[in-house]
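The letters A, B, C and D name the chains in turn, as written, and every chain counts its residues from 1.
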Amino acid sequence: MQLGLVGLGRMGFNMRERLRAAGHEVVGYDRNADVSDVASIADLAAALQGERVVWIMVPHGDPTRETVEELAAALSAGDLVIEGGNSKFTDDQEHAARLAENGIRYVDVGVSGGVWGATNGYGLMAGGDTADVERAMPIFDALRPEGPREEGFAHAGPVGAGHYAKMVHNGIEYGLMQAYAEGFELLAASDVVTDVPATIKAWSRGTVVRSWLLDLLVRALDEDPELQELRGWVSDSGEGRWTVEESINNAVPTPVITSALFARFASRQEDSPAMKAVAALRNQFGGHSVQKSDS
Amino acid sequence: MQLGLVGLGRMGFNMRERLRAAGHEVVGYDRNADVSDVASIADLAAALQGERVVWIMVPHGDPTRETVEELAAALSAGDLVIEGGNSKFTDDQEHAARLAENGIRYVDVGVSGGVWGATNGYGLMAGGDTADVERAMPIFDALRPEGPREEGFAHAGPVGAGHYAKMVHNGIEYGLMQAYAEGFELLAASDVVTDVPATIKAWSRGTVVRSWLLDLLVRALDEDPELQELRGWVSDSGEGRWTVEESINNAVPTPVITSALFARFASRQEDSPAMKAVAALRNQFGGHSVQKSDS
Amino acid sequence: MQLGLVGLGRMGFNMRERLRAAGHEVVGYDRNADVSDVASIADLAAALQGERVVWIMVPHGDPTRETVEELAAALSAGDLVIEGGNSKFTDDQEHAARLAENGIRYVDVGVSGGVWGATNGYGLMAGGDTADVERAMPIFDALRPEGPREEGFAHAGPVGAGHYAKMVHNGIEYGLMQAYAEGFELLAASDVVTDVPATIKAWSRGTVVRSWLLDLLVRALDEDPELQELRGWVSDSGEGRWTVEESINNAVPTPVITSALFARFASRQEDSPAMKAVAALRNQFGGHSVQKSDS
Amino acid sequence: MQLGLVGLGRMGFNMRERLRAAGHEVVGYDRNADVSDVASIADLAAALQGERVVWIMVPHGDPTRETVEELAAALSAGDLVIEGGNSKFTDDQEHAARLAENGIRYVDVGVSGGVWGATNGYGLMAGGDTADVERAMPIFDALRPEGPREEGFAHAGPVGAGHYAKMVHNGIEYGLMQAYAEGFELLAASDVVTDVPATIKAWSRGTVVRSWLLDLLVRALDEDPELQELRGWVSDSGEGRWTVEESINNAVPTPVITSALFARFASRQEDSPAMKAVAALRNQFGGHSVQKSDS
């Protein structure tokens, strides 16, 4: 089928390739003219026939909001917008309402798989009305991995449910990564296991902890067995924070996901103000030795 | 090759099957005569020719210690004992030393895979001298999953390293399970995603969180979509505790693994004494409403 | 000086007493006519002379918002409203802006001390312009504990800072209470210390952990040495959640405060869905025994 | 009464002063001749009349073990040894058993108060037989703070209970300090409260969070309002680790105390191996930007 695709960055570019390989006709637009098929969103709208389907794949927040606004102007009643970026689920309500003013339908989709999705396919979680989700199914089928549809795609619920599912997926991901990371650090810190990379590689098959993330850790250790070339500095991109906020809103204890998020926060601190306060307290009550700042 | 196998419970029984299917000659001994091939450990020793290799697969602690003691008596210098149960790595030193008094060699092996190992093969982590590990390699090759040896087997280090690696493996496992579990609870508690089992099933392919544990969660939700038939009561079998103790001994922060362990402790409490104390404090300072015990 | 006081619940009622005992003229209004001095907020406004100062002490959220609305109508330019309830700091901006439309000034005050404040005095944290804070200082001086002003009162910053300070104060409070509670549980669970209440009471003087909260725990244990009459069920009233949200907004790791909040969430669950999921996973991979739900 | 005192470091020296000020006759021994009253433990034993009481106040572990050994030789049946250092409670069993071989009695005492104890008195928790504890009561009364005995002293239980109580006390202390520290960091990180030291000082009276530790934090901030002169590097001295180990042994969830311990571990790491692993994973799956090590 025909698809308009706004945003041809790392993810969008790969998705266009995968969709075209599956026989779909994709008209892509990006501000970067080098990769764009058309000169503007208006041109993109003009290039699509009949009831149009346009997929948004730009950074969440303002860029997505502005794209929704442009599409509200360029598209017509009955057209369908699919938001496949990392929007917060609460944004989806606003996007859908804005487009509904012009009779335009809306589906949000959480997309997982990273740079590997281009070849492996992407895990997809969709939110929206059933008819709208069904309409885009040929696209979803082309993007998701091979195998049974239900193992790589879900209609998770109404508008917002796709990004909510992706948010929780990412929260879990934080926890999984931290679990492996703690195990790696303990193996490396103790001197009992003498071949840490080989030990972790041996978990690839048969064990309870085998996973795709483990495979990636094995790859990383193949390249750099002690991870000497990296700093322990880790960014976070929103979904982890939102997951914790939602766990608070729903009074759900999420100590593992939250610990993983806090570990990222701490990884980015040059020095910890909290631990300065603890050092100050110990100094006050016990005359315990403290380390003075260099400054 | 020939192998003596002490302990034919759920794990040992399956391993005998898998080893025999691979063409090895296994003489099994168990206190339960219904499954045992011989009447005693002495008989087992007598049934093996040349330099003997005997695998122990009984519960850790006293049963393993007693078996080591019996094997020290029944075996001869040059024989090899492989401890494949869930011993604490510190026990391995003692086992090896006891057997060394009689010139008997010792290798410890961490075995992962649960009931699925019978068909999938088991992930194996071995500790001991290289010559001893090599000697048992035909057995390891039969037990581990198909594929490259290094993806299902590692010689992790000297005596104790196999169980140390398995201990850390299990600590990671605690963290992974808790991460999925928190995500499941949040999805179930919020009302945004309306089809939780389908959403989790859609993570099976292509996503960052795909794993064998996820596949098992999908299976569990296929059988009981809201997990209504289970209580949130979870045992722990030692390795999680040892992992945290070792993280303390090595001053390694392991908030995720520890949170997962504490969640299990809490799951087994009828009521929390700590939270009684918090309730008592709130009652004291603020006249906040408290819930009285039924008793 | 003269003060209007809206809200004569547990806190407001006590504050009126304390202010009158200090020689101030307080006109109190409450929907409950039994405790109210006047019949309406309009009457309260009419009963005050010159530039009026009115203190709000009603539940946060809608009740406070409605009271601000009523005061916007009843008061005049130059009057001052002090919000002493547990409003979220972001609400203060809205209250101040609404009142500023009518030229009315606004100060927010965080108030700590619970039911004991009536006799001990209340710890106070104020947010607003310096001139406004100074104007209300006689009231603050009467409410705060005896001793140097700076040990029971702070001008924390602009509008919102008073409630922000109180929010963080309460987040810390969550952590402190949980720390004592965990220690209590460990003492009670192990059998080494045979007289737990006496041990905790001995921490009242001289030790590093002595505090007012400890004194309250001692009182609670004097009344009920094993806290048998309470359930481990603990509510939360907002500030703890907001503290964690703010820690996330500012990328500040707050594992202790967050753990204390999550322990409250868990205390209110009949059964843990997350631990059901962990039990389900263990059952799937290891055939581990699970506890079936009664239902 | 007469007391032998072995160990005249910071704590022991101050205690000798306080005991002498209370009228007791103290014979102190230290390896440092400058502060010692006698030349050896043998001389100390010789300088005491009748049934002797000797207090040990040296570092825990080997120094305490060696002192116990020397006292076993120097003292006689019926004499009493009081171990007032920071021994692990399990050591007390060994010390008591060793001394009992020679008929010497043993009491362990947890001592809290730091450098301030010299003037304020020390909080004391004793473990041992009632008759032995009673015999040393004049010493305990002189060391503990003024006020009712039960507010600064407890007979916590049999041998080991004193140090167990002190261990839990210190675990709680870790949690309390971390709670204040997290609140401090959040106040400092957000820009809502503009006068952080004044705000914290205002918690000194009337508030729920007032405590001696808060008073010390106020002192520290008086001296250095942004704690600029300190590094966020915090040591740990054993009791926190033992508390977590004991919480694991007793299946008691202690997330707050454990989080505080882990924060100390993390504070001493130049870089986090775990976070390197997380960075490596993100790099693998998403091509996320990582920070390269300088090395």
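Throughout what follows, a contact is a pair of C-beta atoms (placed from the backbone, for glycine too) under 8 Å apart; a residue touches a chain by one contact, two chains touch by 3 or more.
Composition by chain, UniProt nomenclature: A, B, C, D = Decarboxylating 6-phosphogluconate dehydrogenase.
None of these values were measured; they are calculated from a predicted model.
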Practice item. Determine the set of chains touching subunit A that also touch subunit B. Key: C, D
Point to revise | Most widely separated chain from subunit A, with each centre as the mean of CA atoms | key: D
Exercise for review: Calculate how many whole Å lie between the centre of subunit C and the centre of subunit D, each centre taken as the average of the chain's C-alpha atoms.
Suggested key: 32
Check your understanding: Any idea how many Å lie between the Cα centroids of subunit A and subunit D?
Key -> 47
Point to revise | Intercentroid distance (Cα basis), subunit C paired with subunit A, Å | key: 38
Review point. Got the subunit C residues that touch at least 2 other chains?
Key: 114, 178, 180, 182, 185, 189, 208, 213, 251-255, 259, 262-263, 266, 272, 274, 285
Check your understanding: For subunit D, which residues are in contact with subunit C within the complex?
Key -> 89, 112-114, 117, 120-125, 144-147, 150-158, 160-161, 164-165, 168-176, 178-180, 182-183, 185-187, 189-190, 192-195, 198-199, 201-214, 243, 246-247, 249-257, 259-260, 262-263
**Study point:** subunit C contact footprint on subunit B (complex, rising order)
**Key:** 10, 114-116, 177-178, 180-182, 184-185, 188-189, 213, 216-217, 219-221, 224, 227-235, 255, 263-264, 266-267, 271-295
Exercise for review: Going by the contact rule at the top, pick out the subunit A residues touching subunit C in the complex.
Suggested key: 208, 241, 244-245, 248, 251-255, 258-259, 261-263, 265-266, 268, 272, 274, 285
